[in-house]
Amino acid sequence: MDFTLGELVARLGGELVGDPAIRVRQIASLEAAGEGDVAFLSNPRLSAALQTSAASAFILSPKAAALTERARILTPDPYLYFARVAQLFNPPKAHAPGIHPSAVVASSVPASVSIGANAVVGEGCDIGEGCVIGPGCLLGDRIALGAGSLLHAGVKIYDDCIVGARAILHSGAVIGADGLGFARDGDKHWVKIPQIGRVILGDDVEIGANTTVDRGALDDTVIGSGVKLDNLIHVAHNCRVGDDTIMAAMAGLAGSTTVGKRVMVGGKAGFSGHLEVADDVTVSADTNVTKTIDKAGVYTSMVPLQSHADWVKNFSHLRRLDAMAERLRELEKKLASTESREKES
Amino acid sequence: MDFTLGELVARLGGELVGDPAIRVRQIASLEAAGEGDVAFLSNPRLSAALQTSAASAFILSPKAAALTERARILTPDPYLYFARVAQLFNPPKAHAPGIHPSAVVASSVPASVSIGANAVVGEGCDIGEGCVIGPGCLLGDRIALGAGSLLHAGVKIYDDCIVGARAILHSGAVIGADGLGFARDGDKHWVKIPQIGRVILGDDVEIGANTTVDRGALDDTVIGSGVKLDNLIHVAHNCRVGDDTIMAAMAGLAGSTTVGKRVMVGGKAGFSGHLEVADDVTVSADTNVTKTIDKAGVYTSMVPLQSHADWVKNFSHLRRLDAMAERLRELEKKLASTESREKES
Amino acid sequence: MDFTLGELVARLGGELVGDPAIRVRQIASLEAAGEGDVAFLSNPRLSAALQTSAASAFILSPKAAALTERARILTPDPYLYFARVAQLFNPPKAHAPGIHPSAVVASSVPASVSIGANAVVGEGCDIGEGCVIGPGCLLGDRIALGAGSLLHAGVKIYDDCIVGARAILHSGAVIGADGLGFARDGDKHWVKIPQIGRVILGDDVEIGANTTVDRGALDDTVIGSGVKLDNLIHVAHNCRVGDDTIMAAMAGLAGSTTVGKRVMVGGKAGFSGHLEVADDVTVSADTNVTKTIDKAGVYTSMVPLQSHADWVKNFSHLRRLDAMAERLRELEKKLASTESREKES
């Protein structure tokens, strides 16, 4: 599968500067690119790498147009254009429709669906056209899967959950396990509260490897359309995540927290339960969202790195901050009275 | 499956105020409840929701009895009562006994056991009456599973581990993998120390999705009865977790740490290795237990959230706390000598 | 399988003090050891446990030789020697070669390979001699597995990834899922960037349960030889981890970060993206590596534990550190002018 640069801009737009007959067939980084590759420059600081790159063509912003004499496509957002070229050059793997003989499928599925070896699909499932259910996937009963969804090998979905169209779920993801719902019997044992809600994923959702989204306790856990969750993320029961929100790996949401639309969450960030986070908020990596955030902006609580020796010196004071503040107040008071006595005398 | 309120209190206790013939069949939140639902109020601040709720009956504490005129069950712990009603209305899913033909089972199991499609059970396992081993579960050799235990789809248990009665293990949980045990060969390679201990889970343990409990290095890793672990938790080799302890998602225990009974651990909390944590301790979310805790209480090290701009201003000082403390001492000294000179003059 | 102490030192070196005919067959901790066990002492502070231990022989450093009169092997690094004895006494479990009839294997594999029940191996894979692919493992197409590698039950590997010789991959590990690669379409949707790199694991790598290593976006994600990753670790796309680096559970690397050789990473530590970490660095548990580290040493940002009451008092000041610093500067200025006025008068 290869394209001329002329074909590329005919399909994807952008302004071509250079020979439209040049043939390209893959994307690559500036450093690794060779003949037939397209590379992109989104950061002008990397222009040195551009000079030495062996790519056949470049994707550049108009203001970077003069950085090279070679074939280039000018577009206001080179990274987005690059994504589109990458998709064109690397279409999803084709899966032959049909059910592998080793799979155990108790629901009827459209002929266009592909179900891999040793997968298990329970009763009453509603699997959309063109879905791919990878080897070893384990689906319970009455699960709905929207058209065109792709489950990589070894995804698990509990009963009654709903996945929208064009979802991509990665290996080891678990959708719909019970939330941590227990009432305490006096000060002794924990009594399980059956978790009778579902998980509902919107359209175009991607869920990373080994990420878990728990079913609701009473109501549902809802992940909006276009949401992208990285690996090893935990979404607790009754959470609601707004459309087009993206979370990096190891982020975690405690129960009943509502996150807005287009929120960006850094890796290892955590959210306390029962909070509301506004649309368009950015949460930095390793930050604890300990209270409701009601307006867009960037929020952070990450602890900066130090050499261990500096850390020992500095962080011992964290246990004495209140005493330091008190000593500061005391000094201010004393100095004020020194000054006032000085003035009087 | 429905019940009259009269039947409910006959089974579960509590004082009924209202018509005992009212029929109910499900639990719901105050907001979502409709005809036939029972809702509960544990927090008096939610009494507005109570007024507008369409539930057929409410579970209330005696002192909240006057908040509604409608049918209500009075009980000292409404949340606990709600849990019991929820269990009554939502019994565990029934699984037909028997071994699915696609399962590969090398041990003999009681006729009451249900083993799902494509599950694998090794040799010499001792599976208790009424156990459910879900589709795709992977059990090694010589594993003991207590009566009435439920393994959701895709649970993995390594050789020789012991699970007590009535356990619930969620999808993707891994019990008994090797701990991180290596000796260093000089300053070069890591030499593996075979992990020959087991994992022993007590009775009534629940383990969340994708949680891992490593086997002991020499002795066993032991999880007490009634322990509830949420998703994506790590319990390292040789840890001991006391009865009825509960941990929220993403908490982690380093090796050889002993946690007491009835400890409550917030999400993302971490424990250093070789510590002892007393009974009835509460550890806040995202808190690092860096030293032994020898008495009950609440412990915290979470870093509070700020706007990024405030964080930049404030947290840069974390690298200078010791210098600040030194300047404070210097000021105190100088002011003291100013004051003493003032007194002399 | 048992050995005399004479046979042990003939195989593994060390100086035997005591009867070479004593028979031993297992390792144990000082406390749990009985007849036939070998125990070791690496920390002289544990010499009391040595006195009361019922082990048949001890592994000691030469300077601890006098701590007991009983049979002992003297060696400069008792823990390393213990590891070697442990390996001798506990050889890896033998797996009968051959493909279980329930496995679905689309590649040809050497006769020495063992493939467990319900495992799935795709097309074009290159499986080395003596590999063990456990029950329920799910391997895509064109995967290379070096000789002698062991995949525990339920490991998933995506297409085109490469695993070196003698690897040990634990249950639930996911190798080669897509990295979190998206370009944003204006301020709206996320457009997926196909992840066309691979994961390459060197020789003698061990990967813990439910750990995920994502494939590269364009280039590969590379894990060096001898690297040991514990459970629930995330390695993002395009990372490079140097030989013999070890990471404790729940550590996470954001994308395109390069970690040097022999780095030791504590549990729950996190690395920002696009960083470089030098060889022989140690990162403490729960520490955020927020910037490049260009020289060996120990680095820390862990927040120390406090009682909740102390935390409330002390950590409220974290939001006012800049104001405190400003007040300190103000005091210094005022005191300096008080002093200079004093001097003048």
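A, B and C are the chain letters, set down in written order, and residue numbers restart from 1 in every chain.
Throughout what follows, a residue touches a chain if its C-beta (ideal position, glycine included) is under 8 Å from a C-beta of that chain, and two chains touch if they have at least 3 such contacts.
Fair warning: this is a prediction, and the values are worked out from it, not measured in the lab.
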(message) For the two copies chain B and chain C, what rotation in degrees overlays their C-alpha atoms? Round to the nearest 5.
(response) 120
(request) Note whether the interface between chain A and chain B is symmetric in residue numbering, meaning over half of all numbers used appear on both sides, and answer same or different. (result) different
(message) So the centre of each chain is just the mean of its C-alpha atoms; given that, what is the distance between chain A and chain B in Å?
(response) 25
(request) Please list all residues of chain A that touch 2 or more other chains. (result) 102, 118, 136, 154, 172, 210, 232, 250, 302-304, 306, 315-316, 318, 320, 324, 328, 331, 335, 338
(request) Please give the residue numbers of chain B that touch chain C in the complex, ascending. (result) 102, 104, 118, 120, 136, 138, 140, 154, 156, 158-159, 172, 174, 177-178, 180, 182-185, 187-194, 196, 210, 212, 214, 218-219, 232, 234, 236, 250, 252, 254, 270, 272, 282, 284, 287-291, 293, 297-304, 306, 310, 313-318, 320, 324, 327-328, 331, 334-335, 338, 341
(message) List the residues on chain C that touch chain B in their complex, please.
(response) 26-29, 32, 77, 79-80, 82-84, 86-87, 89-90, 93, 100, 102, 116-118, 134-136, 152-154, 168, 170-172, 204, 206, 208-210, 226, 228, 230-232, 244, 246, 248-250, 262, 267-268, 285-286, 302-309, 311-312, 315-316, 318-322, 324-325, 328, 331-332, 335, 338-339, 342
